Amino acid sequence: MSEKARRFKAERERLNELILARDNLNIKRFFGLDTAVYRDGALDAKTKEMLGLVASLVLRCDDCIAYHVLQAFELDVTDEEFDEIMSIGLVVGGSITIPHIRRATDLWHDLSTRE
Amino acid sequence: MSEKARRFKAERERLNELILARDNLNIKRFFGLDTAVYRDGALDAKTKEMLGLVASLVLRCDDCIAYHVLQAFELDVTDEEFDEIMSIGLVVGGSITIPHIRRATDLWHDLSTRE
Amino acid sequence: MSEKARRFKAERERLNELILARDNLNIKRFFGLDTAVYRDGALDAKTKEMLGLVASLVLRCDDCIAYHVLQAFELDVTDEEFDEIMSIGLVVGGSITIPHIRRATDLWHDLSTRE
Amino acid sequence: MSEKARRFKAERERLNELILARDNLNIKRFFGLDTAVYRDGALDAKTKEMLGLVASLVLRCDDCIAYHVLQAFELDVTDEEFDEIMSIGLVVGGSITIPHIRRATDLWHDLSTRE
Amino acid sequence: MSEKARRFKAERERLNELILARDNLNIKRFFGLDTAVYRDGALDAKTKEMLGLVASLVLRCDDCIAYHVLQAFELDVTDEEFDEIMSIGLVVGGSITIPHIRRATDLWHDLSTRE
Amino acid sequence: MSEKARRFKAERERLNELILARDNLNIKRFFGLDTAVYRDGALDAKTKEMLGLVASLVLRCDDCIAYHVLQAFELDVTDEEFDEIMSIGLVVGGSITIPHIRRATDLWHDLSTRE
């Protein structure tokens, strides 16, 4: 994994722990649900990650995008599939998604150019 | 097709024609692109429609949702798959997507309960 | 209750039932959570409804606004409090919230002018 | 003016009066400011209406769009200028603006086809 | 106050001064209004800050969130109240609010763990 | 040009090249369209940049705003015109645009205070 990806994951984990340690039941239930909807079901986990990625892209949430890019990469989304997901997000969400596509593609490129 | 779906498609077509008759080149190019990104490619058309549907849902665009619901139905998305797409949109986009999920499910139910 | 409010509630209930009958576990869990966060806790239910109302307003979700207006009215939010909630949403979310403030105020006026 | 435009303006006026009658000082100040920013200044009123129109379009606020379409028509925005404003909104905001462009173009067409 | 909070406030002040020195009357009026709506009224300042905080959260504006977190802390919002505000924003706005809840909770934790 | 502007442009260019090198036809077509809509037409390029700027502002896309600020500066938008564009975005989009107006004004100030 790239250095950028590693730092992203570490900070994400630190803050998730901070939140969960506060012990608000409803927030914990939401976090559980947020994991559950991406599990294999009628749709497989790979398709669900792609759905999560395009949804995060059009809503322009960089941290969410980064998370789903990492997941998509681990679930063997290909280069061509990645670009097609980006192209749909771009047409649906318009040119304001471009800065996010830039950063997503940068991270994807990082992941896919190291063996 | 249900009466509701029929009226939706007719009004959509009438207004698309009104726009395209104005002959603005860039708007026409956008409409062409908007068709192109959903065509079979590395990802098949069915997966792309699911991506278009979840993106429309989290952006809360009722007409876009209705269009992709019709497309998804024609491309044999199943009931369970439809619900899982809705569940991901709901968790990503929050309770403000619920009114749109209500209307999408109503349309889906209409489509799937007539033979 | 006004006729408008009555019809809104009936349609909302019909569609909620349609969704819940589909029996998607994660959607059901979300609906449960959506009820739970507004219950009396460290903050009382009235304050929580006001939070739900202003959040719905700035996100410009008419059905969500209508629901929280009804709840706020039942929990004895006063006229002056209602206007102050609207004024905060207006300043935070800008003039694009005005059409929603118009409809929210119309509904509030309906509720508060019948005994 | 078309029947559609007339009804839109009447309902808008009725609800504005309802809001202003409530006499919340901050809401009144906002309404004043909302008028003031579109007045002739370093930029003329026509340019400012075009700015208001494209901003309303990308934020997908139908009532705001309708209002600025009426204003733009009265300030002699031409057919070609109207289409170019739409095309910029479309590229910036993506295909989710299309339903709003449909309705805006329908209203513009109504206005411009009656003498 | 934590170092992070101090730097945030200093940069915010520097840029506010830059804007106000430009002397655009309407921008100044907006800034005045933005202060006015949070003052004690029918609702007290603490409740109003909570409304501003949840509105900023669902609109995912980090600087706005940080500002209201600081205000809420000074107005004696408790730990439990803070978490409940976050939980409502999370359910209304969905998982895309989580990165903002992470940063808000980090700042809140900073403020509340120094005496 | 200021150091900040120079770095922004260099990073933007690096990432655009990364994206275009991937050779996805639809993304390339979108990039072409994104250039085309801002060219002189019925509306001149300066007016179109102002439209792009206010649209980017209300959608709160910092990179898009920075790009249009640079373009607007090169096309001789004046200080007073810049402030009026900001004021319209502020009223339409509300106080959540303020952090973006702060950064836009900072960049504008940078550009206009070096000869």
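Note that the chains take the letters A, B, C, D, E and F in the order they are written out, and that residue 1 is the start of every chain.
FYI, a contact is a pair of C-beta atoms (placed from the backbone, for glycine too) under 8 Å apart; a residue touches a chain by one contact, two chains touch by 3 or more.
Not measured: the values here are computed from a predicted model.
For chain pairs C-F and C-E, the one joined by more C-beta pairs in contact is C-E.
Summarising the inter-chain layout, the chain whose CA centre lies farthest from the centre of chain B is E.
Shared numbers divided by all numbers used gives the overlap of an interface; between chain B and chain C this overlap falls below half, so the copies present different residues.
When the CA atoms of chain C are superposed on chain D, the rotation angle comes to 120 degrees, reported as a multiple of 5.
Interface equivalence for A-F, evaluated over D-F, B-E or C-D, points to C-D, where over half of the contact pairs coincide by residue number.
One finds 31 Å separating the Cα centroids of chain B and chain F. If you average the CA atoms of chain E and of chain F, the two centres end up 27 Å from each other.
Within chain D, contacts with two or more other chains are made by residues 26, 30, 33-34, 37, 56, 58-59, 64, 83-84, 87, 90-93, 95-96. Interface residues of chain B, counted against chain F in their complex, comprise 25-26, 29-30, 33, 36-37.
On the side of chain E, the complex with chain F involves touching residues 12, 15-16, 18-19, 22, 24, 26-27, 30, 34, 56, 59, 61-64. Those residues of chain A whose C-beta lies close enough to touch chain D in the complex are 58, 90-97. Chain contact summary for the complex, chain F toward chain E: residues 60, 79, 83-84, 86-87, 90-91, 95-96, 98-99, 101-103, 105-106, 109. Residue ranges of chain C in contact with chain E, taken from their complex: 33-34, 37-38, 41-43, 47-48, 50-52, 54-59, 64, 78, 80-81, 83-85, 87-89, 91-93.
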